[in-house]
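Look at the two complexes coming up: chain A is in both, with chain B in one and chain C in the other.
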Partner chain A sequence: MKKIFSVTLVLALFASCKSNNGDNTLPIYGSRRPVTKTVNGQTTTDTVYATIPPFKFVDQYNDTISDKNLAGKIYVADFFFTSCPSICPVMQRNMLNVYNAFKTDPDIKILSFTIDPKYDSVKVLKKYADKLGVSGNTWWFLQGKKDTTYKLAEKNFLVAVSRDTTAPGGYVHQGYFVLVDKEKRVRGAYDGTQPDQVNQLIADIKTLKAERAPAVGQ
Partner chain B sequence: MKLKAVIGLGILLIIAVISCQDDKSIEFARYYSSGSLIYQTHCQNCHGAHGEGLNGLIPPLTDSIFIKENLHQLPCLVKNGLKGKLKVSHKDFEGQMPAVDLAPIEIAQALTYVTNSFGNKLGTVNVDRVNTDLTGCR
Partner chain C sequence: MKKVFFTAICLLFLYACTDKKAQEQAAFDSVTNVHDKIMGEDEQLMKNKLLLDSLAGKNTPAKDSASAWINKVVLADSAMSTWMHNFDPDMKGKSHDQKMDYLGKQKQLVKRLDTQMNVAVSGSADFLRKNHIK
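After this line comes the complex of A and B, so read on.
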């Protein structure tokens, strides 16, 4: 057991280094485990990757958005709240660049989950989207149960969020933009406050789009 | 001979004017460069690197008429924040600007930067004027 763990760790470490050898594949993040199967008398070992579990939220149009709406799509997720005075404005300014780059592409979506669903009602989110200049169904501002959102953020998207009454606006959260592929695997995390990292994200989405499905394993 | 004297006098005059302005322009340069750092730390997140704001959410700082007309309100605005409706660049804004905890000299520096960037050109906002303006905060 211990051996498997350390092998997995080493694999994860290798994967976390972005390869720059020109083969243009993005790393696959999250935990993974080898699964050994016997098919027709032959033993094969496959790697099972961590995926984003099924979820169900409501968008700014009061429509239900679940993992089913994202089947076969590449998407970017971030966590924010509309009354956020700290890093959100710069994050959403940078996310607008991602939106403008892909708003006519039906296979790319952006998901902004609010971490303050009590204040950020569907109405508030719609107004926010309008004021930001976002329309159509490329960028969804999602509202759901607080516990569900926080669990999804921390366990699956690997972004830390928490209530903190001493922080400006009452919440602390990390400004990562998380890139998820068509098979629901996390393929990148970018600091949403840094324009050059967001440019990298835009480039990586194009790389991911060009990737053959199913993606070649490690 | 007379021409030379006139030219010489002219040059002297120009030097005198330049060196007089120098004190002022050094003061301006000091305020402006300190102000740009304060802007980066406290303002740029929302108002943007070019004072462009954020669409309908955060007002831009490029409306030079608004800046000029409200010049003496600006120190209070920075210090105490702002809540409610505001019309800037023919657009209606509402929401909240958080109060920024800055010393009067820092407010003066930040405002010197803002009021002389993004298409504004209003000269130095010095600390004495900021102190005076701050006493009139509502």
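After this line comes the complex of A and C, so read on.
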């Protein structure tokens, strides 16, 4: 019920944002602050948006993946674990559709962070990727310290979800796919267990790719 | 007559099969529902752990108690992780009765983990509150 409520709110926000803009610009989530600058005697005020902070994890090939590998890329992030018996198999099946849509596009990446690093070793993650038919460097299955992963999830990636729900906690294991733009800003959250929302995510990635001017926040 | 009898037997067999599958699915869902609830609690546990880590790193009288709570938190988290790793959702090669028996035992195990998790979450939260850590 909580999940349906939060997803509905997220979708409602998307709808209102799009209609307010009158075009296909996606909203920008997270905190923002105005910054006033004076250049050549002219005072201007810009809005600075929250971005995903620097991070460093290890992928299924035992390579270090950090925010630097994602500079100038659009990416989708989710949180899972390989032995998850409930929602993760559905999520990853749906994420395969995103992977298949963009696997030849070097500007799009997928990051799946394990929340069970105790058992999800690099070897286990590689086996999991192989079983899904994932190869190359489009989809990284990432492993790091569990509390670091949770902190990153709650404070940064899942801002769109946590802002739009009235119930506290319990967001990480709810199957959200989070869309991040080239400037490291969160631009959408989708229920990864619902194929129609995953299709919307694929459409929104194309919208983000086509975005030229800096987007206007909501 | 023979044809009607044969059809009735087939339908009965099909019904029994569907019923068994439904029973297995219900038993499976009852295990994973508790698991999903614990995953939400685990998230709160990780939040508490970050605060406890910060308190244990400071030179305060509560430092040792914070370390003791970290151990309890890690133990609860680790027990959950181990259960998830050992749980066999496919149950390949098991008969209906074996599956029902397995899922019944797993439900008991996961409920015990839920209790352990609740104790760790509420106990560590109380400790943090008493030490004015938010």
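Couple of notes before you dig in:
We adopt the following convention: the second predicted complex is superposed on the first by the 176 of 218 C-alpha atoms of A that agree within 3 Å, B and C clash if a C-alpha of one lies under 4 Å from a C-alpha of the other, contacts with A are read in each partner's own complex, and residues count from 1 in each chain.
In the analysis below, a residue touches a chain if its C-beta (ideal position, glycine included) is under 8 Å from a C-beta of that chain, and two chains touch if they have at least 3 such contacts.
What you see is a predicted model, and the numbers here were worked out from it, not measured in a lab.
Under the clash rule set out above, the superposition-derived model of chain A with chain B and chain C contains a clash between the two partners. Between chain B and chain C, the partner in contact with more residues of chain A is C. Contact with chain C, but none with chain B, is seen for A:Asp116 once the two complexes are overlaid on the shared chain.
When the shared chain is aligned, chain B and chain C each come close enough to touch A:Ser86. Look at A:Val98: by the touch rule set out above, it reaches neither chain B nor chain C. Of the two partner chains, chain C is the only one that A:Lys146 touches; chain B does not reach it. In the overlay built on the shared chain, the residue A:Leu132 is in contact with chain B alone; chain C does not reach it. By the document's definition of touching, of the two partners only chain C reaches A:Glu154; chain B does not. Using the contact criterion defined above for the overlaid structures, shared-chain residue A:His173 touches chain C, although it does not reach chain B.
Residues 83, 85-87 of chain A are contacted both by chain B in one complex and by chain C in the other.
Residues 44-46, 48, 54-58, 96, 98 of chain B touch chain A in their complex.
Against chain B, the residues of chain A that register as touching in their complex are 83, 85-87, 89-90, 92-93, 96, 128, 130-133, 168.
Of all residues in chain A, only 81, 83-87, 115-116, 118-119, 146-147, 150-151, 154, 169-173 touch chain C in the complex they form.
Chain C contributes residues 28, 31-32, 35-36, 39-40, 42-44, 46-47, 49-50, 53, 77-78, 81-82, 84-85, 87, 89 to its touches with chain A in the complex.
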